[in-house]
Structure formats: C-alpha cells, structure tokens
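This structure is in structure tokens; I'll ask about it shortly.
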Amino acid sequence: MLGKFQVRTDLALEAREICEETGESRTNANEPIRGVRVDEDVDEEREIYTTTVTIETENAAKTMGKPVGTYITLEAPNLSTPDEDYHREISEELAKHLSHLIGGGRESVLVVGLGNREVTPDALGPDVVNNLRITRHMIREYGRMPDEMETAAEVSAIVPGVMAQTGMETLEIIRGVVEETKPHLVIAIDALAARSTKRLNRTIQVTDTGINPGSGVGNHRDAINEETLGVPVIAVGVPTVVDAATIVNDTMEELIAEMDRSEYFQMLGGTLGTLDYAEKHEMIHELISPSLNTMFVTPKDIDETVKCLSYTISEAINIALHAMQA
Amino acid sequence: MLGKFQVRTDLALEAREICEETGESRTNANEPIRGVRVDEDVDEEREIYTTTVTIETENAAKTMGKPVGTYITLEAPNLSTPDEDYHREISEELAKHLSHLIGGGRESVLVVGLGNREVTPDALGPDVVNNLRITRHMIREYGRMPDEMETAAEVSAIVPGVMAQTGMETLEIIRGVVEETKPHLVIAIDALAARSTKRLNRTIQVTDTGINPGSGVGNHRDAINEETLGVPVIAVGVPTVVDAATIVNDTMEELIAEMDRSEYFQMLGGTLGTLDYAEKHEMIHELISPSLNTMFVTPKDIDETVKCLSYTISEAINIALHAMQA
Amino acid sequence: MLGKFQVRTDLALEAREICEETGESRTNANEPIRGVRVDEDVDEEREIYTTTVTIETENAAKTMGKPVGTYITLEAPNLSTPDEDYHREISEELAKHLSHLIGGGRESVLVVGLGNREVTPDALGPDVVNNLRITRHMIREYGRMPDEMETAAEVSAIVPGVMAQTGMETLEIIRGVVEETKPHLVIAIDALAARSTKRLNRTIQVTDTGINPGSGVGNHRDAINEETLGVPVIAVGVPTVVDAATIVNDTMEELIAEMDRSEYFQMLGGTLGTLDYAEKHEMIHELISPSLNTMFVTPKDIDETVKCLSYTISEAINIALHAMQA
Amino acid sequence: MLGKFQVRTDLALEAREICEETGESRTNANEPIRGVRVDEDVDEEREIYTTTVTIETENAAKTMGKPVGTYITLEAPNLSTPDEDYHREISEELAKHLSHLIGGGRESVLVVGLGNREVTPDALGPDVVNNLRITRHMIREYGRMPDEMETAAEVSAIVPGVMAQTGMETLEIIRGVVEETKPHLVIAIDALAARSTKRLNRTIQVTDTGINPGSGVGNHRDAINEETLGVPVIAVGVPTVVDAATIVNDTMEELIAEMDRSEYFQMLGGTLGTLDYAEKHEMIHELISPSLNTMFVTPKDIDETVKCLSYTISEAINIALHAMQA
C-alpha cells in the first residue's frame, strides 16, 4: 500500500517486501516484521528457490494485507521453458509442499480451476483442471484399485467460469458444489497478479489460506476459504499478469527516486524529497489513466507459458493426490 | 423399444412413431395412442413444421417412455444452412414457444449448457451458453434498465461439464448451484440422440419436462427436472447424433423386411416372417458389436452445424428472456 | 519517434499526432505535415468518426514512418458493446470503405487471418476468418449462383499462425499460398498496437498499403504488401494492445511535463526543461525494464471485445465481397 | 471392395484382409497376395503388435488399392489409456520406425497437421502439431545448439485446415509452402478411417507413401505424396472413425452370412447363397441411406483418446527429429 494507490500483489513474498520498504509499522525498516516468519531454502543444482512466509498473528496479517497462514513460494527461472525432465522435478517439489499442507485424512478433494479460459493469462486454472486425473466417479462406481487402496483421494474438479460468463459469484457456484458433494478439501488454482514483472511466470505460490479478495486478474469477489466454504482450502497460484496501473506507478516512483539522486537536483539545492509525500503521489495518480485500472500487462509468449505451467501444476496435484497418506 | 434392444431416441416425435409402429399397447396399430395428443402446424412459406406432442396421462407416459408434459418440435430443413435472416425467423418462432412454456413471473433464470465442449456434436449446450446475454450480476449491481423494468429476467448460466471431466454427476453440480442461487426456472440445453439420421440437425425440441435418463450422447445420469431440482426445468435440445447400435439395428430390420417382400423368398414358399420375432432379433443383436454401444454416428460437417444451431438457440433464449412478461 | 525509444503505433492517425507533437521536420509544429492529406467525417447520429489519412509523397511517408497510401480509420465508442443492430451499421460502413479500396475486377480474394489464436488480443485475425463466408471451392465446383453471377468474389482464407508455432515467417506461408492459388487480391486482418489505451478496441483501420514491419503484437517479420506478394494487399486492423514499454514511457513523459509546470520547480528557479532532452530520455529509458519490451497491455474483458470486433469485421468483408462490382 | 459399394479403409493392414477375404485376384483365397510382403512382430511384454506390409509391385498396389511402399502398423490395446510411462514406450517405438523411414540427410522437415480442428476425431493432426518442438526459426537465427550440432532437424509445421474453412485444396496450401520453404521431407499427420471399429484408436500406421485419395474423414482431395510435392512424404495416421455406411454394410453382410448358416434356411431347402451376389448387394445398398455417406462413427470418449494419441505421436516425432542421424 503506497499512498492512496493500492499496489496489487497476490504474492506474500512481495507483500513482505513492500512492507519492509515502507516500514510503516516498525521503527526500523530493516527489522523483520513482527509475527511474520520467513524461511528460505536454495537448491542450487536445480535452481529452485523456496521461501516459506508464515504469518503468525492477526497484527502481522493486518500489516501484510494477507490472512494468517503459510505461504510457500517456489521460484525457478526456467519454469516456463519447455523441458520435460525439469518440469517433472518441479512437479515433484511442488507435490511435496502440497502433501505437507494437505496433511492426512483427506479422502476426497475438489479441485477448482478459477479464471477465464478465454483470456490467455487467466486460463491457468481451467488448463490445470484439463490435465488432472479425475477419479471420484470411478472410485464411487468401482472402488479403489488394490494398489492404491489407502492412498488415492477421490478427485473431482470444476471450472466455474467468471462472473461475466455466469452472472454468478464464483463463490456461489463453488459453495453450491461443495455443499452438494461434500469434499474434505478444496484445492483452488488461480492466475495471480504480481507487483513486478520479474516474478511473472517463474513463481508458484502455495498457501493454506485459500483465495482472498483482490486475487487473480481482478474479477474475483468474495474470499474462497475455509470460512466461506466450511472445508479447508489450499490455493495454488502463479503470477501471470501485473496490473497496468501498478507497473506505471512503480516506474514513476523509481523515476522520482532517481531524480532525487541526480546531480542536477543536488545542484539546484533542492530535492523532490522535499515535496510532500502525498503531493508527490497525487501527481502520479493524476497521471495514471483510469482506464489502466481495467488493464493488465502480460508477456507476448503467454500462451506457451501458461501451457507449460499448467502442465507442471496438474502433474504436482496428480502426484500429491494419488499417493496421499490416508 | 424393439425386442431386447433399446432404441435410443430423445425425441417425443420419434417415440410416438415407434409406439405406433409396434402398436404394443393398442389393439389397432393405426389408432392414436390413448393419452397422447398431437397437434401439427405447417408454415409452408418458411418451411417450418411444428408438432406439439402432449403426454397427458401416466399410462401414456409409460407407453411413450417419456414423462407427462408438452413436447414442441420445430422441424426446418434448412436449420443448419448459414442464412442469417432465416435463423432470425427460427429464433423468433422458438422464442414464442419458450415464452409460452415459461409462462409469467420467472424473474430469474439459470441456463445450463449440458454436454462436453470437447466433443463437437455434444458441444451444443456449452456453445449456446457462450452466446447468451448474461444479466444477473448486472441487474443485481445496477438494477434493471428503465426500458426493461418489468420484462427482463435475471439470466445466469453454467456449463457443468461431463462426469469424465468433473468426477461428479451433472445433477450434483446443478443442484448445488440452484440451491445456492435460487433461480425461479432452469433452462437446460442439450445435444440429443435421434433414432433416424433424417432428423439430425434439422429439428429442435422444447419441453417442460426437463432432461430425463438416457438423453444426450449417453453420459447423463439422473434426471434434471422439477422433481430433482425443486424448480421447473425447460429443456431445449437438437438431435446431433444417432447411436451407432441404433443405426445398425434399424438397417437390419429393414433388410429383413425387404427380404420378406422379395420374390425369392416367396418362391421358396417361406418367409422370414415365419421366424419367431424374438429369434430374429436375437440374430441381429448378436451381430451388433458391443463396442457399438459406446459409439455414435454424426455428419462430417457437424462443426458448422453446431455453430449455426447454437447461435439460433442463444438468440431465441435472449429474445424470450429479455422481453418476458413479468 | 521520441529519442532512442521507438514508440509503437500501427495507426496512421496516431503516427500523425506524434509527428505533429514533435514537429521535427517542420518549422512550425502546428502546421500540417506536407504530403499528408487528412479528411474527417463525423456521423453524429451513429457516433462514427471517420478519418482518412492519405500519405501522398515518399517524404511524407518517411516522416510518418508509414508507406504512401490511404489509411481510413473508423472510430466508434461503442464498437465493443454487444449490440447487434449497431454492429450491422458499422459492418456496412466498413464494407463501403473496403469496396472503395478494393475497386473493380477482383474476382478472387484470399483473406489472411494474421496473429496467434492462442493469445486473446492477437486472435482477432483468426477469429475473423472463422466467421467468413468461404466460396472459392463452391464456385469452382458448381459455378456462381444465378443471383450473384457478376458480383460475388471467389473467397478463400488462411490462418497461417505465428513463427513460434510454425517455424516459418508468416510471409513465406502467404507467398507460397498466393503463388499456388493466384488470387487477385489479399485482405489481411491483424490485431494492432496503439500508442494510447484510449483507442483500444474502438478503432478500425483499413489501408491499401498492406501490413508493414512493426505491426501487430510485435511478432511479424517482413512486410505483407503488393511488393512482397505481387498482388494488392488491403489490411484491416484493430488496436487491441499497447506495448507495455510505450505506456510506461508515455506516462513518464507526462510526469516530467507536469513537474515542469509545478509551482515547486518554478520556486526552485529551475525546471526539468533545463535538463538536456537526451539526458532526460536516457533517465527514462534506463528505468524501463527490458522485460517490458516483450510485454503488452490489454483490457481484462479482451475476450468479449475480440469476439464482438471479429464478428463485425467478418460481416463487413462478407458484405463487401459478395456484392462486389465486377 | 465389395460389389459396387466402396469399403473405406486407410489401413494397409485392413486392405490386405479385405483382399484375402474376397480373394478376387487369386485362385486360392488363402494364398498370400503376390507382391505383398508381410512381417509380423509381437512384443508380448509391452503388448505391442507390429505389422509391416510392403507393397512391392504395381500389380499388388492395384489389388490392394494402395501405392507401392512400406506400411508399418503398431497395434497396442492400451494406446488411448492415459498412462504416461506406457506412452513414452510407444513414442520411442514409433520414433524408431519413423527414423528408419526417414533415413539420413533430412536436415529440414515440414510437419503437416491435416484435418479439421473443430471436429474432435479429425483434430488429431492439428493437435499433434500443437505439441511439436518447432525449431526452424531458432536454428536459422541462432544456429544449432552445440549438443545437437549434427543431429537435430530444422522443424517447421503447418495446420492447413480443411476445404470448407479455406476454400482451397489442402494440397494447394502445402505445395505453396513447400515450394517457398524447401524442406527436405514432409511428415503428414492425419486421422484415418478404418473398416472395423475394433481397430479404432489402438492402431498407428506409418508409411512412406504419403496421403492418398480417400484418406481421412473423407474430405481430402488430391494425394499428398512425393509425386505431387516433389519431396518425400511420410504419413502417420490413426484410425479414429469408421464410415457410417461401411459399418452398416458390414453388419448386413454378416447378417446374410449368419442366415445362410441358420437351420431355418437349411430347412427351407434353399439358402440366401443362391441369391445372386450382385442382387444381394443391391438389396443392401438400397437400404443404406445416402445420408450415411456423409456420416462417420466414433466413440463417445473420442476427446480423451485424441488428446492421448496426439501427445504420443508428437513425442515420437520430437524424438525422431531431434536425434536424427545427419
């Protein structure tokens, strides 16, 4: 949150960076945020960077703008490169984290592919569902196979569509299906918005807090979480877009900072820093066209990226749900 | 129903023909079926043939293998020809029948696009939903427009997918959504199976009885009707496939009939007619490969046909729901 | 062209505005550009604004960065609103301009749907082809219908795909097909890049100059025009994206201009204006992340917009080609 | 070929069975066809049955209704079951045969995905192209990677569409592209028509004879082979449909044969066998509705099958072309 302008990020990783930059709630900006635990792990050989952000208190949740819970982020620079063996490794790594968050005893799981399959960067959720191994109807009709007797979950899935297509809140559809079919767990897949283009399509976030307002490309309404559905919700997301207003805002922030450091201004004996913070931001916000709030930024090769990422996530879910500990 | 073999038709029109052919429940095969009223209407100029079959009694329902209710069938030879003006006429004709079946006071309507969007002849329902004017979210947020104050319905829509994709019965999904969003009426669109190729893609059936077992390409489970959903269900369907087993069975029936009439058999002094009915059918059914029961027959240009038909039906629903009498 | 940074626009309308702003080649920025004729026409009732930019000389072409030829732009604020009657009016207006540019004697026309059907804002070309009335094979086999004897063109169409999908330059594919099938004319449909978000999805440009380097979402290589194909090429385009780098650059330009006008700077006794032009732009360009050059900005409802626009353009082409003057 | 009715099969395997059944050109139906060599290989562990039919003489080609050349058929009962490891084995087996037919020195290969992507069983070709590793543009721009210096082919690909979509013969499009881009080899992928449902979706045919009239779902015109393109053409196909007329014809043939064997006819002292062969077939053909000639039979789960098969074939081509012997 910078001034009146809401910086959109669905990544806890970035929310933390923003909090640390602005340091609003702390006396010292370099100090870690109280109530937020951060663990980092680097697998140098496979170039996988794992960050686990745990928001432990309601106060920390307020500061971060994200609910209490665990947020695991995998960063892998080659996540969107079409290399099958590498993806299998990422799938297995992701499956490990999923299994950990799922815990035991989830015999039936509903996977929800959020987003709009007609808009390429928002099609991640629907595409993941497309490649899932769906088993609920088979297990209900024929029972579990002998070799998976105590491990495989009943997997069902739905692609609810977006409000412009259905006229309904996504939450209404999912709640209806959950109440009717009573899964033990929901896994929701969604395309996320990042703050910075550098994380686009190379980061996967898994969290046990579900999907919360402001997520995705900006069309989701109410939260999709244990509180609204009555069963635990694990969310898996990949940032595939940056809000157009955010990208413009951020570059202008940097321009002002850069000017402050320039010789010219120092020579002038004044700095833009002397400008009131609010005044500076007002200037920026007036320049951001309101139409930008309904626009997003995404790479030109987003089709290949989403194809690649959705396949990696489907595989991870297939692994996690078909070798679960009962 | 012929012998042990179940002839698949979703058209009341054809069910009636079959009943009249076999004449099982009547003393005289040429007599109309008791409890079934049939009204025919020919619009010669526009080449639209309308047949209204009303099943009035439970006995008639049993004979016909279709629930009590009204079945309106539009037949139009050029239904799949891409002629925009002609389609508008069909859409208006269909809208008139829809409005009649809907009656008054349906302020909110859920349209359900049944079928599998990945299988061309089964994509009719999903395609219809694609072209609908969805208004529920707009009306809920902004109210009705002044010029449609008392007429336009809140329209929502869902494409539930098929069991192989979701692991859930279609009914479970729809029931969940209906219970959560409480529409006054459901309109379900589905691709149907006809008995004869001559009705494929040139017939639209509208009924107030919903969707009942055995409909569509054969993947639907339980009925989708007022009894199972708690609100009235109008079904709109177009036969886009014939079951492969049906087509083979029917041609063999004709072969046997033809042989009976041939000089050769008359010369032999015997007829196949002397063969026991059951025996004859046993011979046929043994020849129908079991794999045919999981196959369907459809025209090669089914892509253009479904595109054309789905557009015509969407328009009809748009007209009927946005100019409804409150 | 501002500094080293290449502002991307495929609209002659915008190219002209940019030239007039910078006024580089003229002594007076308010003077019109020599060799460029501009005619404007306003249809207030239907809210259609038509601008015809004619680039008449090679010098003007150099200034504008666009080849000599005619560029007709229709602007209509409701172009993406789903209102069928309005679209038919736009289609007819567009058909009129197409017919004018086509001229007489084009008995066979190849329509090329450029772009990537897997990336929503780039799918305009492929979607237009999807709704075209294709007649070449019918006319070749059965001849023209009596009522269209002297008017209807033989229409063929191709969606060549993009280089990442084919491994070939789009031009190679089209040239091969043109040489093999020898049409009299090519009509190429493409999604364009605008400079400003305010023109997105409400502007259609028709030109007799074909498609020239730098067009579209940035993946097109060589020009597709009479010189490279050997037959005239009419291009129809709609701006559906803005380059991400352009949008950031433009807002920073405005920020600097705004600062120059602010009281604070005037109080400081200096202005950013004193900064060397090149220096100022260097600062900006250093701040624009190189990754932005591979990104685009587009509205969140781009799926509905492209569907709506492609239908309008298909209809215009259908009208123009099936009622051509031989 | 039975009577006047043309039995459609694109499989050399089935053509040979038909020839042996009718035995028209030989004195003894059980004798092998002269000029046709057949090698069979069974991999029992992996359940892969490989049959290589080599048509060696023009006479044999005439008998078989297929050109001189090699036809390799892989049959694997679980070809459409989604088991990733099994598919990799099939892909490797298929790659081996492809490499063998390709031979050495094919530095650039154009893959052509024939068929209609809008009709599920005909989408095999387009879907295969979707998953290919396309390298021509990369190699042309950056050269070959050091580790693939002498092995990887320049791979390009095109999905030409079908005549109803393009107005052009598929051959015209491919010939244009081949003449423009000069590949050393064309690999054409197509959905085939089988004679019997038992081979559907479990058989892959690879041949060095290209695609010849009557192939696919019935829309292909002229041959796509070395003679028409000027470069060798390898065709890879999977039967995904049976012609509706074929399936009906075959079952009626069986019905007549069955009747001949029945006690009833023997009792009558006559057999249908006494009926003139031509007379019997005339009876059958009169019963086959002409509309059946434009229809096909395919399984209800064709979407999953085509997805699975296309992935297996893409992988095989990827393996064969990226580890080629130069």
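Should a chain be cited, it is by its letter among A, B, C and D, assigned in written order, with residues numbered from 1 in that chain.
Convention: a residue touches a chain if its C-beta (ideal position, glycine included) is under 8 Å from a C-beta of that chain, and two chains touch if they have at least 3 such contacts.
Here the structure is a predicted model, which means the values were calculated and not measured.
Engineer: Using the touch definition from the top, how many steps at minimum link chain A to chain D?
Structural biologist: Graph distance in the chain contact network comes out at 2.
Engineer: Roughly how far is chain A from chain C, going centre to centre by Cα mean, in whole Å?
Structural biologist: The separation of the two C-alpha centroids amounts to 35 Å.
Engineer: Hey, how far is the Cα centre of chain A from the one of chain B, in Å?
Structural biologist: 43
Engineer: Spell out, as numbers or ranges, the residues of chain D touching 2 or more other chains.
Structural biologist: 164, in rising order.
Engineer: Based on which chains are in contact, what kind of graph results: line, ring, star, complete or other?
Structural biologist: Its topology is that of a ring.
Engineer: Applying that definition of touch, give me each pair of chains that meets it.
Structural biologist: A-B, A-C, B-D, C-D
Engineer: In the complex, go through chain B and note every residue touching chain A.
Structural biologist: 129, 134-138, 154-161, 163-169, 172-173, 175-181
Engineer: For chain C, which residues count as touching chain A in their complex?
Structural biologist: Residues 116, 118-120, 164, 197-198, 217-219, 244, 247-248, 251-252, 254-255, 258-259, 262, 264, 268-270, 274-275, 283-284, 286-289, 291-292, 294-304.
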